[in-house]
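Right after this note come the structures.
Heads up, the next two complexes both have chain A, just with different partners, chain B and then chain C.
After this line comes the complex of A and B, so read on.
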């Protein structure tokens, strides 16, 4: 039963892709749409091949991935640390949690020009911007996770002589892990999207910069080639993250 | 019962309740942060990059609200966000119901929507500008595509949680499709739906602001960029606080609607 429904779902999904591709082909060959907005598929394909053959993807990709990794690492460390400090008492949690949640409801994007002012147009401003955006979901989820840990676990760990680091390492963190994991996942994609966004808005290097450049130079084939490449990267990253998540959950 | 409460109250009259202690500590923390930034802004900070809160408040009235162009820009951003949001609610609900209604929809189309949702949309922004130009259309369109996904996803997720027993039960009692939507699906997906509506509001705002920061000739995003480039931080932070206020206000609207629709729960 389950297998047949999966198979039919696959068929519908493949049909969906085929219809989208067919529509793209039909619209561009009949010439109903300006090639500036939607270039023919073969032109995008050859642009993709050219970029791959000349190795033009790799330097920007490397810069962008390094930026994301730095931003995400900072977001994790600060987010978990702040959440740990805030959840030291129920009182502190109730005081600070709404403040952090309130700041997160403001679109931090609006501060982007401030990040550029402080850190310049190099990767540093994107690291700061991505880390700031990623900090909030990680901190909020970690607060939620840590404050839901049963008080009895902590008391028994302490009565058995665990230090605060031991308690965090062996009791608090594992107990709160599923909720923290959700925050880490959301934080990752927010960092990912904000770094790309920062690069698109104002940057000298990186993937986002190349996308904006292709659009400014009116080279739609190259623009689409970059977009296809980023979408594939996003799908790969998404799959990796869900794999890790599933494995950790099983564990 | 009330006598007991009165007695408990009379025994400890001057002490604050726990809840009000939380609230006042929170206010104290916020005030302390403001004081910290005031001192930092007046002493160490580079005046080209940062302003103390008192200067920001002054700039709010002298440079932001006083200028007609900026008042118009605030209004334009508000309108763009509202239009984009209403569009994403209407189309997101319709598309979500359509997909969530049938089994093939839930099994085949829902993963596609989830996949599309995971793509960082900002990489499409240059393309949106090619298609829609630099006027309000591109910002509304970008806000709309940001807002529609969380609504669709949450509507479908909410509908998946409805027990099939309730559906077949209501159908066997002669409920029409509209009855099923109104009386079975809707009450069940309210929590999930409103989570989606709140997220959609944040994302719509994000989409509109991204559009304004990228290329635009007006709107809050355009003026924040302008003030940042002019190294004029006081009106910059004042504008940011206007938008923050707008975000909180719009969030409150959704929250009030949620309370209205979940009244039967309490």
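After this line comes the complex of A and C, so read on.
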């Protein structure tokens, strides 16, 4: 049952991609759209090959991935830690959960120039920006997960003399894990998008910078080649995350 | 065979314990327990019986140091109870508190870790406790792969494996069907006769109370007070034959007579509403 629905989902997904590619091909060959806005597929393809052949992807992608990794790591540590502290009492949760949710509803992009002022146009500002944005979904989901942990489990741990650390490690965290995982996943893609977006807006290096540069230099083929590359990277990362998710024990 | 004599030392002494929930005088204030004093002897099986909401779980949690009483004091041996005493007291709660994310073996291991049992004893303790409840072959299963009854047996085994002198049990068999309860009750009687533990047991089943207890504390409707204490003079382990003796039904009827009025009163004051239990 599941097998067949998976298979038909795949077919629909592939069909969708084929239609998108077909539409791209159609609009670019019939000349209905300026090649400056959307260049033909073959030109993007050759630009992609050129970039790959010259090894031009690797230095910026390395910088960008390092930036994302740092931003995400900070978002996880601070998000989980803040959520843990906030959920230590119902009062703290009632005070801080709405505050964190409220701040998250402000477009933090507005503060991007502030990050540049504080941390400069190097990767540090993107790390801070990506970490800040990624912090919110992780903290909010972890708060939700930790506050929903069944009181019975905590009481029995306490009766057996569990230390706070052991209670977190063996009871709170595993109990909240499915919900925390959603936060980690959303947080990852927000950090990813924020770093790239930040690089596009203002940066000296990185993938986002190269995309912005290609646009400024009116080189659409190169621009789309970079975007295709980012999409491929995102697909690979998404696959890795799903693998990790599927590998967890079901309970 | 163990028989209980009145000169056994006191394991738990409860002195003038009262418990109030909510601010005194406020509309939501509930007096759950009023001035409870009771000595529980070493090696005794003591049952708490009373209408729903009379404060049995509250009393058990206070004795185990999970809540602190509004007034009064509890001593275990010569220690005043101020918090959990994992070295002296273990709990078996109504619903299984096995962690669903761990296998049975891991559940035992983590309990030993919490309680700081030396690591080299873990394996042996787990094996013998599971053996005692006939669940050895399920050691690598997850709790959700077991039936409710099996889970509760394992839960009981974990309480026993912690090897504390005192075990507090809050309706441990409530979720089970009557036959399973009876069988587990027999097993428990045998297990405990062999280990001489002090047990405080909350139940709503009169038969279970008579079958297992040395003494039965009958409580009044809220605010919970001790109405009377019924003695069951019958050595452990008890065989199912005990249930067929006239004395068994006499005691059972006596308890029912004592409880009837309290239960009527509890229904009258709460409108018969029953809180979801498991507290």
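As a convention for this text, the second predicted complex is superposed on the first by the 232 of 251 C-alpha atoms of A that agree within 3 Å, B and C clash if a C-alpha of one lies under 4 Å from a C-alpha of the other, contacts with A are read in each partner's own complex, and residues count from 1 in each chain.
Note that in this section a residue touches a chain if its C-beta (ideal position, glycine included) is under 8 Å from a C-beta of that chain, and two chains touch if they have at least 3 such contacts.
Because the structure is a prediction, the values reported are computed rather than measured.
> For chain A, which side has the bigger count of touched residues, chain B or chain C?
Counting contacted residues of chain A, the larger count belongs to B.
> Give one of first, second, both or neither to describe whether A:214 is in contact with chain B, with chain C, with both, or with none.
first
> Looking at the overlay, what does A:160 touch: chain B (first), chain C (second), both, or neither?
In the superposition, A:160 touches chain C alone.
> Determine, under the contact definition given at the top, whether A:9 touches first (chain B), second (chain C), both, or neither.
First partner only.
> Kindly classify A:136 by the partners it touches after superposition: chain B alone (first), chain C alone (second), both, or neither?
Neither chain B nor chain C is touched by A:136.
> Tell me which partner A:227 touches in the superposition: chain B (first), chain C (second), both or neither.
The answer is first: A:227 touches chain B but not chain C.
> Report, in rising order, the residues of chain A that make contact with chain B in one complex and with chain C in the other.
On chain A, no residue contacts both chain B in one structure and chain C in the other.
> Can you check the complex and tell me which residues of chain B touch chain A?
Contacts found on chain B: 21-22, 25-26, 29-30, 48-49, 103-104, 107-109, 111-112, 115, 118-127, 129-131, 202, 205-206, 209-210, 213-214, 220-221, 224-225, 227-229, 231, 233, 236, 239-240, 243-244, 247-248, 251.
> Could you list, by residue number, the parts of chain A that touch chain C in their complex?
Chain A reaches chain C through residues 152-153, 155-163, 166, 170-171, 174-175, 177, 249, 251.
> Please name which positions on chain A make contact with chain B in the complex.
Listed in rising order, the residues of chain A that touch chain B are 5-6, 8-13, 16, 36-37, 91, 94-96, 98-99, 102, 105-107, 109-114, 116-118, 189, 192-193, 196-197, 200-201, 207-208, 211-212, 214-216, 220, 223, 226-227, 230-231, 234-235, 238.
> Quick check: in the complex, which residue numbers of chain C touch chain A?
Listed in rising order, the residues are 64, 66, 84, 86-87, 89-91, 93, 95, 97, 99-102, 110-111, 113-116, 142, 144, 162, 278.
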